[in-house]
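Each structure below is given as structure tokens.
Two complexes, one shared chain (chain A), two partners (chain B, chain C).
Presenting the complex of A and B:
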């Protein structure tokens, strides 16, 4: 491996006479590929995901899960068991929404790492409507969704404007604002919004009219929202004029500006859309899963969103598919937690390992590595 | 009032030191052109391994600092291989590394039963007559060994970066790797070294949070200080002494929170806890507005992988 530092010297050694014989006779040659084949890319991606799963499996075995029950737990009981499959679908809808949120922001080269903060604000907006009894019963859910979207989108405005007007690094600003949003959430659930019934740090339970209904067995209306969002984004990014603008900005912002694309406006709208999707994910969790505002309803989704967006290469349809697989991982993680007391952090570790493997496979996709004698 | 100010001043170094060490480590790797967004994660690794080395291997607190620096340097090798050798996007690897380290430290802390167990403090050196000075003495006697190493460390990093040949090479690699390569400087090896040394300092910063001030390991205990340190580096314009000043400023703000709570002022606890993050944001906005029309002072090749065979 140490010969990697001599990358690119191949053209010299072709001309130069072989001065001395090295003991290993030959070296690693790395070339940049001009064309990338689709099958090659797909094979590399599949291989790297498999590699990530194998590494995660090793860690799980080291943490005390018997190797034999690993496959059972991960595949068999999550995918082939009806109850667990329903849980996966249940778990997938917020994951799809955060994945879309990250993917669309990445398309205009904006690192929206503020997904968790925007989710918190979504939850706060929805709970505000519930606590203050705004609107009649039949309009309650739409109102909560609207309040969630408004609050979460508003939270995304500041870092976007700072990036566009002053070029303040959005990675840092969105992450810092997550901590601010978290402290605001704690301030409310430990204070004014604490459940008066049991005194625990979460809001009072939502009423029946404030919960997302279950449509058919296992199909929550949250999944419908997620599917609708996926279809809309697919239309926007793949077929609409806005999609062409976004691809132009992703490829080269200064050329895009030169040919008259309203770069700043497109970025602003896209990032706000990303914030809206994240806050919708927050709403779906508080109203569809938790049934109240809790102090940790958003945990892990920001990470997952970013990683889904990256793995899906910013494509909305791929993001929905990857989110489904992440849902399997989430449910398997919960099972592992229950049966082997493996902490929930393990899911995050597995996600990170898969992403690291996929990211490094990019090297093998873009370069041709061979042993030259 | 006087007693309040005095105890506040005495507690500033404890809060500032992690920022100073982390910013110093980040300056080293960013001057070589590598944006080490994994800082938050590497600080967690340092924090956990310092506590772990005391609890499980009976290392004394000063020795645990070495363990922390070593552990963070080893974990940073993954980051270095991916970004420097394999040329993967530094932002995505940095973020993935943070998530990886958060998961790993949380898993190990629970599996090895290292969480929520108190460890002994770092030793405080005997100061002689210095400790008997009126106000300064009171502040000095409350500081531990690592604190007294901080200023020499900043001086050392400054000297190496700006007064030696090694520093010149390191900065040239971060400013213009093509030119540095043409002059015979090993771009990849220099960057590798900068990342590993910088990460050791990040581990040290994490160790100070766990062993130095909290004396305990809790999940995710760095709570965003790594990100604040990255902002601090921008604020310091990649200069060690300015980073020390910034660390004192941020540490001073953070040190106010427990002092205000202890003095009996009734403030909403969680809203007060927002201040370090908001202050960082304000500083970033102020910096951006102030130098809007001046040329950027970040290293020219920051965040850009070096590919020798790429055509330009």
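Presenting the complex of A and C:
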């Protein structure tokens, strides 16, 4: 045998026995990258989003959407149309907050699946201030936000302490505590906090001073909160001492402990911060979108948050970008459903496709794939 | 590519019979611009133990990873039995009879020995159903073990076996898969002296039975005693291939490292106060067994206190306790300078009192392998506020300090400070740990087997640093299973046996007496 190369071996008998260079000689080589630059990484991510969009486009064309109107629907009518852009940003604000919440907890290896429970407590805290008329009008919104943060953060204390002191798996404890929070919510909206006007299971509508104001440009102030949170977290993780501590804990907790990082304290503070961000997301929805405490305002945000945190690889700025992408997909999906009667399932398929493309780009970021001859 | 379609057997250059069962010619390998191998050549013969000798980072492992199909070479030729091959991966290498026993075992720990062998699906067990394969493999395991003069129970779980036997499983697995060219990557690094001797005898047996055995090592004595031939590597190049019997150890040393100077040991010492004192310290392991108890000793300023003992007599747990990684069940650790008496020491409190640690397991307690070299170096300074307050990290200062330290401590193989620490070879990783730990001139140093797995030059550098710390007035505690290391450095020696400090010797100490104390109480 001349050659042990698997590729092309079967062709040898058909080809005249003359030594000649063949492009298919060689093999695929996969090596772990030693280093990768930030721009390279960003380019890979952008490429994978584009790939996802192209694949989605193919599916949509196959489903009967004219190819010419694809760009129109995906790009122009979501980002370049003022109304739709406002919807995107409106949808994105709570997504950014839950994404940040998940990302920061993951950084200290704490799988916070209790985002929804913490959101519920955020909603309860805010509604408590509203129902009991606490504080003057001008201080009402800050008070509601504060109460939301306190309540949601307090809800995160128990699983964190269980994890740190007794080594109880936080995936189980945070997830199950969501059901406890949900039952408390039902107990209140079906009972003491039921709307006295219509008798439906939600709280009374908030007053005007209790709603998050819409800014002059038509953008909800929720976006300002989300942007502020993103900037703060980006600063914390990149430039502060806590950022280095978190990177060490993420990389190797026993090394972190051995070099003298107060690992337990850092985890406690970071998870509580994660709880605070989740409860802030709850506040932003009840006060900025629903205008009251409803029985389902938090639905789906837990999973979205985990997904955003994962896709953003725990990076706060990337989390905001991914949340924005989710907002775009949400609005584009709505438009497609309405104007082209594309079924809901297909919209979800497209969203999932893009997510999978981004997730699989991870492999290319960690490995160098090349053709070796 | 140099192959001829008509007659590949003579396509290989050279007169007469083709040299070697495995031959690598002019192999080049580059990692992101770093030349790991430059025209490296190597020929292994049947029935020989062929040592591949060189310092950490000389390219020994890289070259052998090319041979076993883990890396593709950028250039060069590889021949097995005189036929040119291009490997698509480790599986094809295994099909050709090339097996590698890696430094970190590739075994499924919760599986039994026989299951690990069956998993390869190659050689004697190829194409059989599971039950049949287990039968065959179990027989083959017993057979191969017996042929090597060893015994092993095929149905034991891997994680219940001692390290030396796990390694034997790796060897047998390769043999069952049909390996006749066996590559061992630093096989004695994790073994005690007796175990290492036994393994090397096993390698000798393998060669005598007709295999080609390749031994990657940096231990000159092993080469002298066991190898038929030695190829020396330096800086990614193969320097020479010679018969080790024709050279003295000194000549071999010069070939591998160039010139080295021994640490010159001055006789007179001035000891100061007791900086570190341990009183009645006791500890049990997580599974409830007794690790050590009633341990009393002190380390004075300007002194190196060595703790010797056969591995597994409580030294590892003692080291972890003194580093604050394990809580004792009783007793106290006193730090006189800090005026503290700790019952439950944590790493951050010990470090705040001026202690520095050189752990044995560098990637478990020393370096975060996924983080940049600069971060790994600077983390100590970040914690104590040297690189800025809580709110702001002075990255620029951090990186320039790291660059200086890396130069001062001779950490090699660095192309960028943002490179991951995992990419450093063992010796350089240890130098980086020491650069970090000694940055602040610690008053107490706890070092556990600090030169384990290091080559001659790196070991000398590490020993030099410990000596410097002592001369500066630090109290240095050295725990090591390497008696030579203890004897060379220590001013006083305590001997641990069965979890107790059974004897203490003043300098000058007698090696024989220590040896007797190490085993007398076991």
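FYI, the second predicted complex is superposed on the first by the 252 of 373 C-alpha atoms of A that agree within 3 Å, B and C clash if a C-alpha of one lies under 4 Å from a C-alpha of the other, contacts with A are read in each partner's own complex, and residues count from 1 in each chain.
Definition applied: contacts are C-beta pairs under 8 Å (C-beta built on N, C-alpha and C of every residue); 3 or more make two chains touch, one makes a residue touch a chain.
Small disclaimer: the values here were computed from a predicted structure and weren't measured.
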Quiz item: Does the superposition put A:68 against chain B (first), chain C (second), both, or neither?
Solution: neither
Quiz item: Between chain B (first) and chain C (second), which does A:346 come into contact with in this model arrangement: first, second, both, or neither?
Solution: first
Quiz item: For A:262, is the partner it touches chain B (first), chain C (second), both, or none of the two (neither)?
Solution: second
Exercise. Using the touch definition from the top, say if A:252 reaches chain B (first), chain C (second), both or neither.
Key: second
Exercise. Check whether chain B or chain C contacts more residues of chain A in the superposed model.
Key: B
Quiz prompt | Touched partner set for A:244, first chain B, second chain C, both or neither | solution = second
Quiz item: What is the contact status of A:303 with respect to chain B (first) and chain C (second): first, second, both, or neither?
Solution: first
Practice problem: Have a look at where A:31 lands relative to chain B and chain C in the superposition and call it first, second, both or neither. | Solution: both
Exercise. Check the residue A:180 against both partner chains and state whether it touches chain B (first), chain C (second), both, or neither.
Key: first
Quiz item: Overlap of the chain B and chain C footprints on chain A, residue-wise?
Solution: 4-5, 31
Practice problem: Spell out the part of chain A that touches chain B in their complex, as residue ranges. | Solution: 4-5, 7-8, 30-32, 59, 63-64, 111, 113, 162, 166-169, 171-173, 175-177, 179-180, 183-184, 186-187, 190-191, 303, 306-307, 310, 342-343, 345-353, 355-356, 359-360, 362-363
Practice problem: Could you please specify the touching residues of chain A with respect to chain C in the complex? | Solution: 1-6, 17-19, 25, 27, 29, 31, 33-35, 239-244, 247-248, 251-252, 254-262, 372
Quiz item: If you look only at chain B, which of its residues touch chain A in the complex?
Solution: 37, 78, 82, 85-89, 91-93, 95-97, 99-100, 102-104, 106-107, 110-111, 186, 188-189, 219, 223-224, 227-228, 230-231, 234, 268-271, 273-274, 277-278, 280-281, 284-285, 288-289, 292, 307-310
Quiz prompt | chain A-touching residues of chain C, taken from the complex the two chains share | solution = 1, 3-6, 8, 31-32, 71-72, 83-88, 92, 96, 323-325, 346-348, 351-352, 357, 359, 363-371, 375, 379-380, 382-383, 388-393, 395, 416, 418-420, 423, 436
